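Everything below concerns the one structure shown next.
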Amino acid sequence: MVTNLSVKHSLLTNWISELRNTDVQTDRMRFRRNLERIGEVIAYEISKTLPWEEKDIQTPLGIHSSKVLKEQPVLATILRAGLPLHQGVLNYFDKADNAFISAYRKHRRDGSFEINLEYLSAASLEGRILIICDPMLATGASLAAALQALLSDSGKPSQIHIV
Amino acid sequence: MVTNLSVKHSLLTNWISELRNTDVQTDRMRFRRNLERIGEVIAYEISKTLPWEEKDIQTPLGIHSSKVLKEQPVLATILRAGLPLHQGVLNYFDKADNAFISAYRKHRRDGSFEINLEYLSAASLEGRILIICDPMLATGASLAAALQALLSDSGKPSQIHIV
Amino acid sequence: MVTNLSVKHSLLTNWISELRNTDVQTDRMRFRRNLERIGEVIAYEISKTLPWEEKDIQTPLGIHSSKVLKEQPVLATILRAGLPLHQGVLNYFDKADNAFISAYRKHRRDGSFEINLEYLSAASLEGRILIICDPMLATGASLAAALQALLSDSGKPSQIHIV
Amino acid sequence: MVTNLSVKHSLLTNWISELRNTDVQTDRMRFRRNLERIGEVIAYEISKTLPWEEKDIQTPLGIHSSKVLKEQPVLATILRAGLPLHQGVLNYFDKADNAFISAYRKHRRDGSFEINLEYLSAASLEGRILIICDPMLATGASLAAALQALLSDSGKPSQIHIV
């Protein structure tokens, strides 16, 4: 299921517009902050689709039954472009586990290079909810490679969300 | 139109649950951060209903037509409980104007008191989109008084959103 | 004792320079963020002068004696200009108590006005460390009035820091 | 020159104490926020030693000569433990360039492994001020290896600060 959040107007479309605007791009603080905020609202939108459970909590007015997140997701990011977006998702899922995929160019002597992927994380993904951050999606080839590497290394997630 | 965001499960219900939880309430950083995050997602949800316009922006790949917020809202807060919520709304509407309503108890010699309201802002509200933050809603009496004071002082807004 | 932090060059002087710069002032996000960061480093500098105590804490490697803040300060702010500065100080003293002083103009029918001060806080200041935020210091008259109001209402602090 | 900021008591020692405390470590939001704040005050302390220059800026009250940072540093981080610390330093040096060093274990079939380092950055370090974040300093072997890799790849910095 593909959800295109930029179809409907909201602050998200405003921030994406600022990201693209050459007059605003030069302000690195605002550029990072926009990516972070986009990560935050995407985290919020994803959270609407996640499983929840009833839990009794102690409030000042007595025991109250409350709906809370059933499990914490794993946030995986393709370094290094994904970091501010990852930070935004993490701002909202503050108890999530983290995984990092390092994609780098390995240069050969003749000047050509290949994309190498390294997975930097101890967490198992088996049965977990996986959220992958990759704001630099072009052909999707490196995302596909990263996803394949993650799954072969770390088990089969129950859900995968691509941001 | 009343939108009850806590009906549908999302991170918002999770944060509200933490706000009520006596075990979590004692952590003031998390308490404020939860109010801030609630303000942020409410700002995002409100933004879906605001008027937008097409604007041409210069991108690295040429001129691009983009949907941007048509006008900036005014954020009004009933001090002092509303501050972290206001901060959250302001995190997202970072170009908004601000208005503060100071509600305080004026004590008389016999120990009784009345609620005094003072409006601390230069901004006119005439024709503006007004967002009022008041997380301490009980009977709504002080909110109603604050709203009345705002409107008689500063003009008639085009829209009012109560958070 | 007056500490003029802007004499020695640091990031602080850089941020103050941006606050004054008419080209940068129009970016409200950066303007607030600069006031916040100034509040943070001032909080850090003040913390060097505060009383501390030894406390045993449980670490993964055993019991460790650690120096921790002896008591939490009260942060008082003159509304509403002081809010971003207050937010910065609070970012660092995240367990502090808060007090707000509302200064507003009470207009008379002839167009003249007087400054009214209202103190919005339940916290007693007796024997506490008080940090007052007021970035709009001109003659100091309203600061003096605010301080006087605070002290007569809420007891005598052990230390007063003016930011 | 080694500066041990934890000798003198300040908020920094308080945050380090919380990082070590097994009761507080489980709160990931506070743990990350403490690393971030430590990065912020270290950035501020480093900034006191950096070169500055006089620059005329336009203020609302006329032209004002102001001391500003002479050049922006490059922030290099050893992934992935250094990220929250890096974020903190970046919060303060918001115009800095970034470099990431990815250290990962390359497993052999017999179960042994070696540490591989990959440098993820386009920025040249030649003549730049380099700030390296590595909060997981144990023997310093990986820091030394990372530093060596950086210098052979990307030129000779004018200053190196290790955080």
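In this document, chain identifiers A, B, C and D correspond to the written order of the chains, with residue numbering beginning at 1 in each.
Here, contacts are C-beta pairs under 8 Å (C-beta built on N, C-alpha and C of every residue); 3 or more make two chains touch, one makes a residue touch a chain.
Predicted model, so just to flag it, every value in this text is computed and none were measured.
Counting the residue numbers used at the interface between chain A and chain D, over half appear in both copies, so the two copies meet with largely the same residues.
Across B-C and A-C, the chain pair carrying more C-beta contacts is B-C.
Rotation relating chain A to chain B, from a C-alpha superposition: 180°, rounded in steps of 5. The distance from the centre of chain A to the centre of chain B, each centre being the mean of the chain's C-alpha atoms, comes to 28 Å.
In terms of their C-alpha centroids, the spacing between chain B and chain C amounts to 24 Å. Computed centre separation for the pair chain A/chain C is 36 angstrom, with centres defined by C-alpha atoms.
In chain C, the residues touching two or more other chains are 29. The touching residues of chain D, counted against chain B in their complex, run 27, 29-30, 33. Of all residues in chain C, those touching chain D in their complex are 8-14, 16-17, 20-23, 25, 37, 40-41, 43-44, 47-48, 50, 52, 55, 57-60, 64, 66-69, 91-93. Residues 28-29, 32, 79-80, 83, 87, 90, 94-95, 98, 100, 102, 104, 116, 118-121 of chain B touch chain C in their complex.
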